[in-house]
Amino acid sequence: MLDFALRAIVYSSALIRHSDCMPQHFLHLADVPEGTLYQLLDMAQRLKRNRKREQVAEGKSIGLLFFNASLRTRTSMDIAAYELGAHALTLDVGKGVWPLEWQDSVIMDGIAAEHIRDAIPVLSRYFHALGVRIFPRFKNYEEDSTDWAIHRIAELSSIPVINLESAFDHPCQALGDLMTIREHVVIPRKKKFVLTWAYHPRALPMSVPNAALIAAARSGMDVVVARPEGFELDERIMEQARSFCERLGSRLEETSDRTEAFEGAHVIYAKSWASRLIYESVDEEARLREMYRDWIVTMDLMKLTDKAIFMHCLPIRRGVVVEEAVLESPFARHIEQAENRLHVQKALLRWIWGDR
Amino acid sequence: MLDFALRAIVYSSALIRHSDCMPQHFLHLADVPEGTLYQLLDMAQRLKRNRKREQVAEGKSIGLLFFNASLRTRTSMDIAAYELGAHALTLDVGKGVWPLEWQDSVIMDGIAAEHIRDAIPVLSRYFHALGVRIFPRFKNYEEDSTDWAIHRIAELSSIPVINLESAFDHPCQALGDLMTIREHVVIPRKKKFVLTWAYHPRALPMSVPNAALIAAARSGMDVVVARPEGFELDERIMEQARSFCERLGSRLEETSDRTEAFEGAHVIYAKSWASRLIYESVDEEARLREMYRDWIVTMDLMKLTDKAIFMHCLPIRRGVVVEEAVLESPFARHIEQAENRLHVQKALLRWIWGDR
Amino acid sequence: MLDFALRAIVYSSALIRHSDCMPQHFLHLADVPEGTLYQLLDMAQRLKRNRKREQVAEGKSIGLLFFNASLRTRTSMDIAAYELGAHALTLDVGKGVWPLEWQDSVIMDGIAAEHIRDAIPVLSRYFHALGVRIFPRFKNYEEDSTDWAIHRIAELSSIPVINLESAFDHPCQALGDLMTIREHVVIPRKKKFVLTWAYHPRALPMSVPNAALIAAARSGMDVVVARPEGFELDERIMEQARSFCERLGSRLEETSDRTEAFEGAHVIYAKSWASRLIYESVDEEARLREMYRDWIVTMDLMKLTDKAIFMHCLPIRRGVVVEEAVLESPFARHIEQAENRLHVQKALLRWIWGDR
């Protein structure tokens, strides 16, 4: 988990290249040092201004290991690799690729044909980086909240692992979010960022709200988390965000009053996520969630803001998470936000492969 | 729908490049101006004679959005992109990619996780062209026959959309068909083209017969549509074909007498399609179709022709649509016809990306 | 089946290139002439020492036709193509690609939409080589043991067909195995290779044991096949292996005594396979197999060897085929063995595409 940060401290010289050092995973935005973070965002902006193919990473291959569905992530990573002269291969686990076993010291006489202890080292020999998407199982809070699965993969990998959305984080999304915020809120000091919970018919992971919270905290904006009672984010994530805010002289607040939250806001970031109750009872969680069907982002709420931009990671349920009118209004920045995934990931791949 | 034609008229100068103009969709062969059409076919012929990789479209990416299965189309588009130095990514909707919602102003609390109003603009930011395959739903004749779905995608797209088979058309197939016809019927004047219906155990779309009809009409050949009563093609497509024939001084006829149709023919194009009855009753349509199990292309029928070539878009049901012997005889051109998909699509991509 | 060998004899001149000759399939390791085999292994070793991308096969495309799941094979072939400047496209039959019919002269009114007699010639027009994975059906021993299916594809193909694991062989695996053996057992004369059967909850193909046996026989090592009664390998494969051993002055033995087999061994190659009984009764085979649950490779067995390396083609069931401790011990070479697939396949593609 700290490889990324440590690596950046130990090998700060631009002369040190990939082949000389340990794998530099990209698992959590919180672990990226300030200097590196701004280097990545600046590079992404340059790449966006002058989009073209450059053969800077020719010969490099990245495996995209998907345990769950994806549109933006698979597409933007695939094109990012191509535009650097590199090559991406998508592997959908369980679809054309063997189902995998995770537990150690298990007698493998069930469905799983292959253990990650063998699959990951093998992929490490073929690829030069591994992107992994693996959602929470919603069985064990400790397991999900420590991002056990992707950390296990990172431990087993001798090549850099990029988190393409884990149980509790989505740092590529966060990087794109930060880029989008910087494009629209040029001077973030004293500006207001609102992460607002929204209703959704399904219980969704906490990965994106966690990631957005860290992105916002690192942007230097004042951050408000608006959510109903019972939908608090994890204490440790809140603490991490608070510590970034303090360092940058901004504030972090929580509220269940959406009117108050939206008033004067400069960024509205909408997202649904499951209540932690789900780890005790799936039915209870669903019942609680149903009580807040009115938590939809409306034009009326948007009008309370200071011409805020509306952000969402997509896919988004129209008429459920947000009124369709908001997405068709000048408030909406969700398409730009999705596009930025491409540019930040190109910067990230260059960084990881030693082209800085 | 007219973008393609309009674009070609407005920006005829070779100096105008992709970045300067509106997206130039390729949705229907009927919309392609005569000059452009022959330019494409000539370029395809040159590319076939000297097949190799050229980096003329380096840096360009095309997304291949499949709502339905495909062998030839996905393969030939993928290789076409590679041989131009470009990059193709196949996205199978609903398999590893989120299921999509189409209806406007809907409350999205069902299965679909993402609306095309968001998905298509996002893909427009990543790719430089979008190929789309989407079959008819057989629910609403108006919707299918106006190719509502692919036109909706084209409206939402800010990059060129290529029709890889829609409810009512298959212009890439038609382009390959035209190339195949030109290779084998050098002087089409007074030559006879027969589009013959064939039995099939399933109700199939009308996209290919529509496309083949337009291709034949634009080739300058005399065209005969042979089909049982109840399997007439759409009036508007027939009218469009008739107008091309008139302009080129050729004839368009319909018959349910296959012997008459095959006599003296130079091209036999076989294809099954559903009766329009299917929009009223699936069972009625199946019953009607079963009555014509003998509509199979036989060696005896082929012998009535003037050494005609046998064409079919594939996949083809042997022993059902055609006698196996025909496919193994010198009449058969279906493999050549499939190959030509590659060459015309390379020409098309070059044209769309401004390399003319 | 003999194309590969014949081709190498007839066109041994390095001046003859792909376009001048018949397709040179790679279906069975046994068919590769001695000289070619060592040329391939030497090239693989060079490519491993200096891994990079070279544009030696630019413009070439290979289709990877998978009738069954795969991790290593699809990944290593895909990257092999990329690192030669070529392009690979994976086609999962039945998933996004039409299901295929095999039987000749059949009335195709069932599920299969397309006949291999059409699909393979079409793919031959698009690609420059075709990799095919097709497992046994376990219905007809004659059909499986003669590798009917992949030979049928090779007959229909006008481009080189590479066997990516057929009913009865896996020559790319065998090539990687030979490379791994050569790396670790430098002088194979008088060294002992043991192919040991292992228990597995499912009835597995005989393709890998057959391939490993031929690889071992061609390495010049003394070969022992350890398996319970009822799990004998096919007589013809044994005969083929024996003939290679005789030519190289080594021995081939069979035993059901594992202690005797492991003693003093230099290579342990573990693999489960079904008993031939399965062709008579699936239940009988399962009952017989269950009797040998204790056929697992243990640390105690490995300690009987002369510091043998442990090999397995993967995926491997931990705690079933082998004790986990063996895979984590210095005996284990299965990761290296998997890596070597990449290097031998790069050499193979260069060879097939005329770059020797």
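Labels for the chains are A, B and C, by order of writing; each one numbers its residues from 1.
One rule holds for everything that comes next: contacts are C-beta pairs under 8 Å (C-beta built on N, C-alpha and C of every residue); 3 or more make two chains touch, one makes a residue touch a chain.
Please read these numbers as outputs of a predicted model, since none were measured by experiment.
Relative orientation of chain A with respect to chain B corresponds to a rotation of 120°, obtained by superposing CA atoms and rounded to a multiple of 5. The pairing of chain A with chain C is characterised as different-residue: of all residue numbers used at this interface, under half are used by both copies. If you average the Cα atoms of chain A and of chain C, the two centres end up 40 Å apart.
Residue numbers of chain B whose C-beta contacts span two or more other chains: 95.
Of all residues in chain C, only 58-59, 61, 63, 87, 89, 91, 95-98, 101, 104-109, 113-115, 117-119, 121-123, 125-127 touch chain B in the complex they form.
The residues of chain C lying in touch with chain A in their complex are 52-53, 66, 69-72, 74-76, 78-79, 82-83, 90, 92, 95, 201, 314-320, 324, 327, 334-336, 338-339, 342.
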